[in-house]
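Structure first, then comments.
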Amino acid sequence: MKANPEDVFTGVYYIDGDVACAYGAIAAGCKFLAGYPITPSTEAAEAFVRRAPEVGALFIQMEDELGSIAAVLGAAWAGKKAMTITSGPGFSLMMENIGLGAALEIPFVIINIQRGGPSTGVPTRTGQADIMQSRWGSHGDYEVIALSPDSPQESFEFMIKAFNLAERYRCPVMLMSDECVGHMTEKVVIPPASEIEIEPRRFYKGPKEDYIPYKRESDLVSPIVKAGDGYNLYIIGLTHDERGYPISDEEALKKDLDKISTNRYLVDKIRKNRDDIIEVVEDQIDGAEVVVVSYGITSRVALKAIEQARSDGIKVGSLRLITVWPFPEKRIEEIAARVKGFVVPEINYGQVAFEVDRCSHGEANVILVPHGGASVHDPKDILGAIHRVASEKKRYENVIEYTTGLEMSVFGKRLAEIARK
Amino acid sequence: MKENQKGVLEGKYKLSGNQACAEGAISAGCRFLGYHPITPSFEIVERYAQRCGDVDGVLIQMEDEISVLAAVLGASWTGRKAITVTSGPGLSLMLEHVGLGVMLETPCVIVDVQRGGPSEGLPNSPGSGDVMQARWGSHGDYELIALSPNSPQDMFDLTIEAFNFSEKYRTPVLIMADEAVGHMTDEVVISPPELVERKYYRGPKEKYLPYKWDKDLIPPMVDIGQGYKFHVTGLTHDERGYPVMDEYCQEWNVHRLIDKIRLYSDEIVRIEEEETEDADVVVVSYGISSQDAQNAVKRAREDGIKAGSLRLVTIWPFPEKQVTELARKVKTLIVAEMNYGQIFYEVERCSRGSANTVLISRQPSQVHHHEDILEAIKKV
Amino acid sequence: MEASKTLTIEKEQRHPMDELLRMDRIPHIWCPGCGIGAAVSAFAAALEKLEFDLDKVCVVSGIGCTGRVAGYIKLDSFHTTHGRAIPFATGIKLGNPDLKVVVFSGDGDLVSIGGNHFIHAARRNIDMVVICVNNFIYAMTGGQVAPTTPIPAYTTTSPFGNFEPPSNIPRLAEAAGAVYVARWTALHLRRLTESIVEAFQRPGFSVVEVISPCSMYYSRINKLGEGIDMLRFYHDNAIIRHGEPTENLDIDYQKQIIIGRFVDRERPTFMDSYRKWLSGAESISKEKVDEKN
């Protein structure tokens, strides 16, 4: 269905990524934001709260991030499209409830404007080190969807995508932005509502007495209801069966536990539909010798290196991840068979690089161009890595960490050489 | 602070895994346990509660898991070895402070007695659903050490090992136990252990720099109250411990925190290999599943199949080199774990296409029966 | 002649508080007109009066403007996570009961995200001094509403005016079990210093609230002037009423602020009760397995 024109602030703007996220969420029909101030995401909440009255949305600043995510889950059960906005430390605090949301198959969106970490880190500067955390942060098995915008324009568009995916798959969807994109001010074009597709919540339409909360449709997702409609919802985080009732200890010992409990579907519903979810942007992959895999702000920095490398005569392709999770395993596997290697620049010490390595099955070399955070890469380092992969004769046994100019200027030589080794 | 030998046991005892863990902590010199009650870790606390009078230990129940790990970090800075015990939902709450522990470089041990997940899951059943969370749960870049016991004796030994690692590398160390190992009872031999203490700074007070590291990438530590008047912060900091907000300091800080473990992974990694020299098929496992895996391998050998077993004692850092080498020698690696695929991904990555990788996953709560593993071996 | 002149100048340039501050980090990051510096001065003056062994005093802060205090005080100091300074300090106190532990943090850190821990530490009566600088706003992150923001003040997340009733920190502290509760403002330095001295002298959980201007956000957004204007406001509108029942201590927007010493009582501290419990605890019975088996 099309977006509600009242929610869409059609026009051409000059705004930052944080504000674009807020406008995108509102355009997607988000009517509830529970948040807690954390640099560098506060501007998004502030932008939301300023526009909330005109679109009938509710904002509440909770006492902390745990309260925020709990409120989001509750609001979703009340029928609202709900989200929260945070950064690294807040994301860490939300993990228990993200697991609850995943287990109960609640549609919700979390925006993580990543900053330098770990711990309190560098609050006012960028990082991309929460990517693995978005996949594995909570305990137990579940799958999530994570998107990575590279600009305020994409921040706007991906929020709509995020809410649509959350509604379609009833799972947590994370917008893994970063401080650079969040605080970067650029032109954002907000189209008319008629050009924006919104996924409505898949409400159950059958007779009340026949309602089984976790009975699945062919795509392994169950229709949902909302509190207050008379379904006598029993919502509990314990491992449960189709009816939502917790599984007893005796049942847990039975062999067909997999069939009784819903746990299997928490992962399968994403794994089965991955081809519909995964989105990447490819450039000159055919015939490439080296492929640069990147996401978020780093993909823009990498462009410069790729251009230079191409004019140096290297056939460089680029794969930009729109969806980081689920990871495009098949595509990487296909490409790995045909190229010398991958260069993965990311603002961390190796997260997506390991996934690229895994999906290469030893067929391609992988060089990670790391960066601690607090700024973006120097394209020269990415260029150097591309050259190295292109000219490499031997097959690596593991992901190789490129020695960046930053490492050299800080330590004087490679850290590994200074250490006792 | 010297560890207190008073009240430490010696001899053979019939203990559950959880009780053995508490005794391991006591033998390691741990004199501070903070906790928040959560099934199925509680017996560790009960044992420690009974014993802390004998050993002058401190026990505190905090209002939630967040404050528990904060208190443990604080206590560690007074020179006490400190431990906390929890399960999946609790570990999820502790993640921010795991990051703080990494950044402040505070030695401490966190025991996760895993249960069925996700969310509240199955509190009284075992699971292995937190192993990836152990590595990636907190935000930002960091490495840490995680061990996986598979018996009460292991719970005792690996708890001591965990303290040794945490003191040596000045990092939080996780023990990824599970409900089955925690509640299983067996004979445990308690003997005086080899202990590693944290590296203390012994130089002049005015020259003390909290984060000036030695060649092993580990800075010497001090205790609160000794007059060093040091400052530490979770913000990215320089040698003096003062916050500096730029990419140079970030590189200086974070790269070393990562390499502190990565460059020394050879010294940390522990595995148990059985009959892998001529194997065609190797079963990779950890935790309670490893017992069944090892049995299945024995049975397979009896049936004439060249099977071997690789048990991960340290899950993190992952034994990358060992798995890569093994993959070159065998045809198939079977990963048996009590989740829908977690360590499987690391095994797949490190096998680098040299061997097939097959996952036998079990829904949390259901320990693999060795027949299932045997069947999988035979199929291959 | 020249040599002795230089010596005299050097001597005059040392401030009595220099011993207690990390002079290598001055100038600090706080804004002109902020009251946190005043709270730190009062704290330093209190420590001088108390003549403690400064080696044994440690400071724990959380996150926020006041959270930066730990970074400027030359004692063993910890800048920890948001809201968790109190449990971190609890760990320190239990780890080494001989240490004097001070938690120095802001209203958002201590009473919002840290509210749960504040309540429990007070309930247990852990022996620590909590200095809570209350500027009615989340300043470090850019001026968002706080649980202490009065109605109907403007902040960046209450752009139409705050409508949530604010927390009354002394009342919360008293209800939770604190043994000493006082409130002063950044203007009343002398009395604040005395209160901090008293807070240290009382065994148990002591809370000193310091009402402080925030010239960059709270007073600017609400057009209340600068720091000095807020101090003038405190001068004209703060009334000292020792022993006032804490339920009367709500702070309304730009109205009278009641300050003073409100709670001063005795309760067994956590360590007292703990030691009693521990000495009564029974030893474990040995379950030695027959060694021959």
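For clarity, chains are labelled A, B and C in written order, and residue numbers in each chain start from 1.
We take it that a residue touches a chain if its C-beta (ideal position, glycine included) is under 8 Å from a C-beta of that chain, and two chains touch if they have at least 3 such contacts.
Because the structure is a prediction, the values reported are computed rather than measured.
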Pick one for the touching-chains graph, please: line, ring, star, complete, other.
complete
Set B-C beside A-C; more C-beta pairs touch across B-C
CA centre of subunit A versus CA centre of subunit B: separation in Å?
28
Where subunit B and subunit C are represented by their mean Cα positions, the distance between them in whole Å:
36
Please work out the Cα centroid separation of subunit A and subunit C, and write it as a whole number of Å.
38
What positions in subunit B touch 2 or more of the other chains?
66, 96, 100, 104, 233-235
Identify all positions of subunit C at which a residue touches two or more other chains, and write them in rising order.
79, 81
Multi-chain contact residues (two or more partners), subunit A:
89, 119-120
Going by the contact rule at the top, pick out the subunit A residues touching subunit B in the complex.
66, 88-89, 91-93, 95-96, 99-100, 102-104, 114, 116-125, 127, 129-130, 132-133, 135-142, 236-239, 247, 249, 252-253, 255, 257-258, 261, 263-264, 266-267, 348-349, 351, 354, 357-358, 360-363, 370-375, 397-398, 406-407, 409-411, 415-416, 418-421
Which part of subunit B faces subunit C closely enough to touch in the complex?
9, 11-14, 32, 34, 50-54, 58, 60, 62-64, 66-68, 70-80, 82, 96-97, 100, 104, 187, 223-235, 240, 242-243
Residue set of subunit C touching subunit A in the complex reads 63, 79, 81-83, 112-113, 115, 138, 140-142, 144-145, 147, 156-160
Given the complex, residues on subunit A that touch subunit C span 36-39, 42-43, 45-46, 49-50, 53, 59, 61, 63-65, 89, 119-120
In the complex, subunit C touches subunit B at residues 22, 24-25, 54-56, 58, 60, 70-71, 74-81, 84, 86-96, 98-99, 116-117, 119-120, 278-279, 281-284, 286-289, 291, 293
